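First chain written, first letter: the chains are A, B, C and D, and each begins at residue 1.
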Amino acid sequence: MSKVYNSFAKAVSDIRDGSTIIVGGFGLCGIPEKSIEALRESGVKDLTIASNNCGTDDQGLGILLANKQIKKMIASYVGENKIFEKQFLSGELEVELSPQGTLAERIRSGGAGIPGFYTATGVGTPIAEGKETKEFNGKTYLLEEGIVGDFALVKAWKADTLGNLVYRKTARNFNPLAAMAGKITIAEVEEIVEAGELKPEEIDTPGVYVQRVLLGTDYAKPIERLTVRKA
Amino acid sequence: MSKVYNSFAKAVSDIRDGSTIIVGGFGLCGIPEKSIEALRESGVKDLTIASNNCGTDDQGLGILLANKQIKKMIASYVGENKIFEKQFLSGELEVELSPQGTLAERIRSGGAGIPGFYTATGVGTPIAEGKETKEFNGKTYLLEEGIVGDFALVKAWKADTLGNLVYRKTARNFNPLAAMAGKITIAEVEEIVEAGELKPEEIDTPGVYVQRVLLGTDYAKPIERLTVRKA
Amino acid sequence: MDTRLTIVKRAVKEIQDGMNVNLGIGMPTLVANEIPADVNVLLQSENGLLGIGPYPVEGLEDADLINAGKETITTVPGSSFFDSAESFAMIRGGHIDLAILGGMEVSEKGDLANWMIPGKMVKGMGGAMDLVVGAKRVVVIMDHVSKHGESKVKKTCELPLTGLGVVDRLITDLAVFDFTDEGMVLVETSPGVTVEEVKEKTEAPFIISPDFIQS
Amino acid sequence: MDTRLTIVKRAVKEIQDGMNVNLGIGMPTLVANEIPADVNVLLQSENGLLGIGPYPVEGLEDADLINAGKETITTVPGSSFFDSAESFAMIRGGHIDLAILGGMEVSEKGDLANWMIPGKMVKGMGGAMDLVVGAKRVVVIMDHVSKHGESKVKKTCELPLTGLGVVDRLITDLAVFDFTDEGMVLVETSPGVTVEEVKEKTEAPFIISPDFIQS
């Protein structure tokens, strides 16, 4: 019952034109590099992608933008990408901006069977336009809807053969949420171990959320803003 | 800036009559034994308690019931308690039953600033009475509200002096959620270590949720149903 | 074979290799003992564990390691611990392949009542209401007829509901039914049980599956 | 002293021992460098870290350890990692004591605009909208007057809002204001700045605090 796949091409081969995909990562940290590359190779189009950011011009989800595979982007911040700007301004690309905390909760909710929840975030701002509001204890809240993906692409540090996942440092970010919200969740990792080698208390994402596990190699792990001090 | 208290009596001394308290634990597993005992000693009354269960006749929250300190109980299962039954039938005790998953999510929501969410759980059942419903994609869901406690009492395995908590096995259960939802969260543990001794990736409850930490000793840890096999 | 064992042995056939399964308290818990060794499943416990193992060896029980029935247990390789909100995210979010629960009444529309008898003390529904709406497949196991000789398979449930139209399959000591858009369908009878006997002891009307199996 | 440093040095006084603090991207990030050694605070990074440490020593940077500004960082003792939903549960649920954010415009009612200029490319709000409604105390730091000489402290914000009535305190290079039920209140002026100058450069009307401090 191993969930391990040997080919990224095969693991993404049933992602079709028009699919909705939730993608983990924050900026270029903890992004599923290899699955994104495989998606570019597959050439599927008209994708709706929910991810906090959309990569840079030549990294991360940016390579799917450059290849014109994305129809709609749901994100909280898309500022690092000139191709994004061009496609957005030309009307090629549809964009739904969602505040970061709302986006994280919408993805978790999708995975948790919660179709909608209320938040004070965005009340009185352009984000509230067209959304239902409701008062609780005299305060106004917005209704935000859960997001479910046909697929989710996540990057973890380690997996076991049952799909249990462990993340590394702040590369965790949106990945555990994306894993919950994919009908089919594809996890790529830097190391795969046998079931039982990860301690039950260290597992961040239980394997029940994960359908496919792949070993990635030669991760680029680009750093967007290198900030250091002298020794 | 240590959050460590030396006296349970002092740690619960500002819990007043009529307070709402969220209490961790599932059955008698992972319950904050010492804080509950201190509450009994304090004698505060008319408490509203949100907890999955209400202990047994002489264990856990049952000792507050026996002492007539609880006015209202919000729980999913209260079957192990004869005093509960008696007080409920006599009208002394108010009871709000909430399905276990709904209760867990209501407590998390309270802690997460979410005043309400929708769930399919309970639609068409007595639990739906008086609750708003809403359709998403043609399916009916109930509106359930978040729960915030004036206080939360939780039991963890280890803490550091900043209030970071680690739980043991299935004694985790409702404790991390209770910790999130208390305006003042009181955590009792079996071991307190210095900040930095718990690894950043092993912490289950970040100290930001915890205001007071206490070392408990001589935990009873009663087993409700001892089930074993021969060696 | 007593009726409990008949039901349990039939119920275990619902479990397929690779599934994540939640077994309810009581009779459903007994199903775990019957799972063949070559069928790999992870059993979920809604208090916060995926991967329940057998009962612990005497003397090695751990008060911090229990199942939803509050019994001491162990874990299997590949198990994971999590909090109760995560546990029900799994359940409500449709990530549990199969839930097997006990029942008091099941209606022809697949409504389930299994948590409350009016006039008696209300103990609470625990996680049952979440499980029946969340699990991908819901199988109810129960005696076909009550101790008082009444059919527990009803036109309409008389007891307060746990869930509305939530049962996929009902397994009793007499028969197996599926709940479909066409109505309640008899798919099997137990060894030595005739369709006539099932009809007689079933208040709800049902149709007979084209694939009906007479055991 | 340049105006940035004036603002940052005043902003750091908002930070008290024991606080959990979120510092926004840009000028607010600089506040971290000014926190006195005897003030213990944990800095939160909304991507999923409580307990940001200094920048790493050259060569020891880790691509898997960044802050919300995507800068390489380190951690302090007592830090914890978590996912982004947990991070915003903390923020939205009121567990972060203080958020210090940059601003484009602040209105006399404490409305904040800091994420979008119509006609220019929309980059997105990131976590700012969550922070302003969730943090227990919201302090905005910005220049008092724009490059074009216009007051950024407005009667009404002209730019699209980040949050409605969310600012507790505004710190500019000229003055410090609080937002109260009585309106916008001047509580301090910067060294060498008169109340007259503040009035002249502030579009919004304000009252002067009885505890007003002339630096």
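Quick note on the criterion: a contact is a pair of C-beta atoms (placed from the backbone, for glycine too) under 8 Å apart; a residue touches a chain by one contact, two chains touch by 3 or more.
All of these numbers come straight from a predicted model, not from anything done at the bench.
Colleague: Which chains does subunit A share as contact partners with subunit C?
Modeller: B
Colleague: Quick check: more C-beta contact pairs in B-C or B-D?
Modeller: So, comparing the two chain pairs, more contacts are at B-C.
Colleague: Which chain's mean C-alpha position is the greatest distance from subunit D's?
Modeller: Between subunit D and every other chain, the largest centroid distance is to C.
Colleague: On a C-alpha centroid basis, what's the spacing between subunit C and subunit D, in Å?
Modeller: Once rounded, the distance between the two centres reads 54 Å.
Colleague: How many angstrom lie between the CA centroids of subunit B and subunit C, rounded to a whole number?
Modeller: So the centroids are 28 Å from each other.
Colleague: Any idea how many Å lie between the Cα centroids of subunit B and subunit D?
Modeller: Centre separation, subunit B to subunit D: 35 Å.
Colleague: How many Å are there between the centre of subunit A and the centre of subunit B, using C-alpha atoms for each centre?
Modeller: Going by mean C-alpha positions, subunit A sits 33 Å from subunit B.
Colleague: Would you please write down the residue numbers of subunit A that are in contact with two or more other chains?
Modeller: Within subunit A, residues 105, 108, 112-114, 119-120, 168-169, 200-201 contact more than one other chain.
Colleague: Which residues belonging to subunit C are in contact with no fewer than two other chains?
Modeller: Those would be 49, 81-82, 88-89, 91-92, 133-134.
Colleague: Hey, which chains are touching each other here?
Modeller: In this structure, the chains touch in these pairs: A-B, A-C, A-D, B-C, B-D.
Colleague: Could you pull out which subunit A residues touch subunit B in their complex?
Modeller: Within the complex, subunit A touches subunit B at residues 105, 109, 112-120, 134, 136-137, 139, 141, 145, 168-169, 200-202.
Colleague: Quick check: in the complex, which residue numbers of subunit A touch subunit D?
Modeller: Touch residues, subunit A against subunit D: 26-30, 52, 75-79, 85, 88-89, 95, 97, 99-102, 104-105, 107-108, 119-127, 157, 167-177, 204, 221-231.
Colleague: List the residues on subunit C that touch subunit B in their complex, please.
Modeller: Touching subunit B from subunit C are residues 45-49, 54-67, 69-73, 81-85, 87-89, 91-92, 111, 116, 121-130, 133-134, 160-165.
Colleague: Using the touch definition from the top, list the residues of subunit C that touch subunit A in their complex.
Modeller: 17-18, 20, 40, 42, 44, 49-51, 75, 77-82, 86, 88-96, 133-134
Colleague: With touch defined as at the start, can you tell me which subunit B residues reach subunit D in the complex?
Modeller: 1, 108, 110-114, 160-162, 164, 180, 194-196, 198, 200-201, 203, 206-209
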